[in-house]
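One structure, pasted below without further comment.
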Amino acid sequence: MVIENTFGKIKRVDEAMAYIKDKTILMFGGFGGVGTSPLLIDEIIKKDVKELTLIGNDSGFPKVGIGRVICNGQAKKMITTHIGSNPVAGELMTEGKMEIEFSPQGTLAERIRAGGTGLGGVLINVGLGTIIEEGKEIIQVDDKPYLLEKPLRAEVGIVYAKVADTFGNLIYDKTARNFNPLVAKASDVTIVHAEEIVPLGELNPEEIITPGVYVDIIVTGKGGEWKWVWEQEN
Amino acid sequence: MGLGTRELMAKRAAEEISNGNIVNLGIGIPTLVSDFIRSDIHVFLHSENGFLGIGPKPATSKEDKNLINAGGFPCTTVKGASYFDSAESFAIIRSGKLDITILGALEVDEKGNLANWIVPGKRVPGMGGGMDLAEKAKKVVVVTTHTNKNGSPKIKKICSLPLTAQTCVGLIITELAVIEVTEEGLILKEIFGGTTVDEVISRTEASLIVSKNLRVINYE
Amino acid sequence: MVIENTFGKIKRVDEAMAYIKDKTILMFGGFGGVGTSPLLIDEIIKKDVKELTLIGNDSGFPKVGIGRVICNGQAKKMITTHIGSNPVAGELMTEGKMEIEFSPQGTLAERIRAGGTGLGGVLINVGLGTIIEEGKEIIQVDDKPYLLEKPLRAEVGIVYAKVADTFGNLIYDKTARNFNPLVAKASDVTIVHAEEIVPLGELNPEEIITPGVYVDIIVTGKGGEWKWVWEQEN
Amino acid sequence: MGLGTRELMAKRAAEEISNGNIVNLGIGIPTLVSDFIRSDIHVFLHSENGFLGIGPKPATSKEDKNLINAGGFPCTTVKGASYFDSAESFAIIRSGKLDITILGALEVDEKGNLANWIVPGKRVPGMGGGMDLAEKAKKVVVVTTHTNKNGSPKIKKICSLPLTAQTCVGLIITELAVIEVTEEGLILKEIFGGTTVDEVISRTEASLIVSKNLRVINYE
């Protein structure tokens, strides 16, 4: 099967990594590490870029997902919902070495979607009467209070897909979908690690989850695969 | 063989689930609830990562690294399951389509306020999807030990820890009792066999109204 | 193939129609009539309910889609983006017999999505400096102005799907998808006309567009099929 | 056989489209543009209803009632096409992923303001997706007759009709000329063979700056 790089989006991993630098605002797909690209995480660690701002659902596990980047001391800030599965993230926060901004999970997902959808913000009433209110504007709609939640975008987004065609149309695998379609849309440069790249026309238009219009760079290859916590337990 | 304390609580929580319900189970004891759902009803278990229709745990070596529940453990699917992204997953919660969520707690109080995500200065793991679930599920069932490790009551007059959501809890299930949150206050509806009303009251900081139809739960 | 009505959602058309009454706020899927259920439109006309408030992309054509309901004088108000393809809608508006509220198409789509997603509103900067601003609150986010666009929900939504399983998981057909997945989520009672109903487990979980959690009633059957404008021209 | 006026305008508009572009064509003359896109480049045509990758018109009797472009006509797909709902369709537009939209106009003015959706008291069809497209496409190309049916200029000092979007237009293509909207004002860059700069100026209400490198377009 000959893959024509019609749109010039298929690149080598080192070409993709040129976009990830010190201080890059980096958004990542994944939930507990599932759906985070092992290959791109590995490359970020090898390149050892510093002072990243990370945006994503959680801080992974110490040896799984974005947790590896955090444990390698590469992040100065994280916007996330949960760091409980990675004790190192908690230590870095306590020691003041990594700033953490918590968002409720559904709110984080909507903020990223808003960033990818060109919205100026969304009004959400989850977190009212809690410390999540702090610093946020409260907007009344028909006499009910909502928090003004601002959109989130990143300079670079890393996305893990099952299959990409050469335009960057993507499908995902089961629960590895999670935040990936949201991240794909909310990043200035979207880098996709696809397990497989297929020619244009191979994907069923009904089944495409992310239209290729959002994808800038497609890489493929093996590397960085981690042992899952449940494999470690066995 | 009798059930352990955790299983008793899970079994009681499962009684809250009806046919056709959409249910989200938190980690810990709530996860055990799925083992006790009646086999003659059809419910869909929701997973925050983006998935409706969680099935049983797979056999060892049959795990799929891309089929994982929100707690991080391999799972399977039931017939009628669907995958979606995490925004859609929380749209289901936020739009009120979740019938029941069963959650753990650090503290619950007389108004049904819930604190279960942070112990300032000690444990700051983040709220994950807990705020969305507590705020938006049609019914919030809390399953928790009656007191904490030091023996202090977790059912308080007023929560002292930062809240997860206000006035959200509908039912509290502990290893001692089942307590309903109402506008009149907390109603002690059921006690497990082996305890007494007096013991429950003495180990609860909040005021309890004892139901006239108190049920004593004796499974098996 | 035996279809078990496990969730009681499969109903007769007359049972479904009981939810559509005089003054019902009715949202409909479809774009130029494509993706609007011919069967349910036909039943609405037969039942001749009055003073409906209609929410949907456009007013169809006089003999196509929701246009048939409008031409039958059944709507007192419509929230929509375009009525140009149905001259009768324009006449009713001019004569003061049908109130029209226009929303830009992307804004209407987001307002319906917001209604189905439990948001209190979305901030959009399409329509700034135009008459779309009128009566709307302007919210500044990081010193940029946005219109506060309120969510839209309906009492009843009518959705046209290609296949439904017995739980109401839905897939659509090509461009007949359009507003249907949004309407499915934003209605108190969602009535789906599916071309086919299949047993639970027949649909691939990866390909389901609307999870059944949003669907209340599923009907199937033929009726009301119209001749398309491009067929009339031939 | 020479091209008609409409085709000339469409052909000129097609020159604005480059390889890999995501393009939305309005109804009327803009729809004709697809016939003139260079065959050696690969572009994706976007349809507001929820579809990227519009292909050619199907053969008669090969139409699919569920495969229709935003203008209401049957179409086909190209390789790499994808379907999505209408919210996602406008997310593509609103997030700035549309490279070019080619639209009709009732009026355009010196600041690039566009009016193309309403003639108060006369024609009130609604804006459809026009506001989103005009406000959010990276480049807005207007294709319009130079004057209206009464011979009045459509390129005005200030639009008198209600606006579709402010300062959005980048390029104006008429049957007489190609005019670029810049911060300095409107630049007359090209005229079609058969007209003169003087004729263009006389039929335009807005001030025009004549380009020093004026191109005369003579197709074929």
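Per-chain residue numbering starts at 1, and chain names A, B, C and D are given in the order in which the chains are listed.
Note that in this section a contact is a pair of C-beta atoms (placed from the backbone, for glycine too) under 8 Å apart; a residue touches a chain by one contact, two chains touch by 3 or more.
Every value quoted in this text rests on a predicted model; they were computed, and no experiment measured them.
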{"item": "Any chain in contact with subunit B as well as subunit C", "value": "A"}
{"item": "Contact-richer chain pair [A-B vs A-D]", "value": "A-B"}
{"item": "Whole-Å gap between the CA centroids of subunit A and subunit C", "value": "33"}
{"item": "Chain centre separation (subunit A, subunit B; CA means) in Å", "value": "29"}
{"item": "CA centroid of subunit B to CA centroid of subunit D, Å", "value": "57"}
{"item": "Computed distance of Cα centres, subunit D from subunit A, in Å", "value": "36"}
{"item": "Shared interface positions of subunit B, touching two or more other chains", "value": "83-84, 87, 91, 93-94, 136"}
{"item": "Per-residue overlap in subunit C, given as positions that touch at least 2 other chains", "value": "110, 117-119, 124-125, 172, 174, 205-206"}
{"item": "Touching chain combinations (by label order)", "value": "A-B, A-C, A-D, B-C, C-D"}
{"item": "Subunit C - residues contacting subunit A, complex", "value": "110, 114, 117-125, 139, 141-142, 144, 146, 148, 150, 171-172, 174, 205-207"}
{"item": "Subunit D - residues contacting subunit C, complex", "value": "47-51, 60, 63-70, 72-74, 83-87, 89-91, 93-94, 124-132, 135-136, 162-166"}
{"item": "Subunit C to subunit D touching residues, read off their complex", "value": "31-32, 34-35, 57-58, 80-85, 90, 93-94, 100, 102, 104-107, 109-110, 112-113, 124-132, 172-182, 209, 228-231, 234"}
{"item": "Subunit D contact footprint on subunit A (complex, rising order)", "value": "6-8, 116-119, 165-167, 169, 185, 200-201, 203, 205-206, 208, 211-214"}
{"item": "Subunit B residues touching subunit C - in the complex, by the definition given at the top", "value": "20, 22, 42, 44, 52-53, 77, 79-84, 87-88, 91-97, 136"}
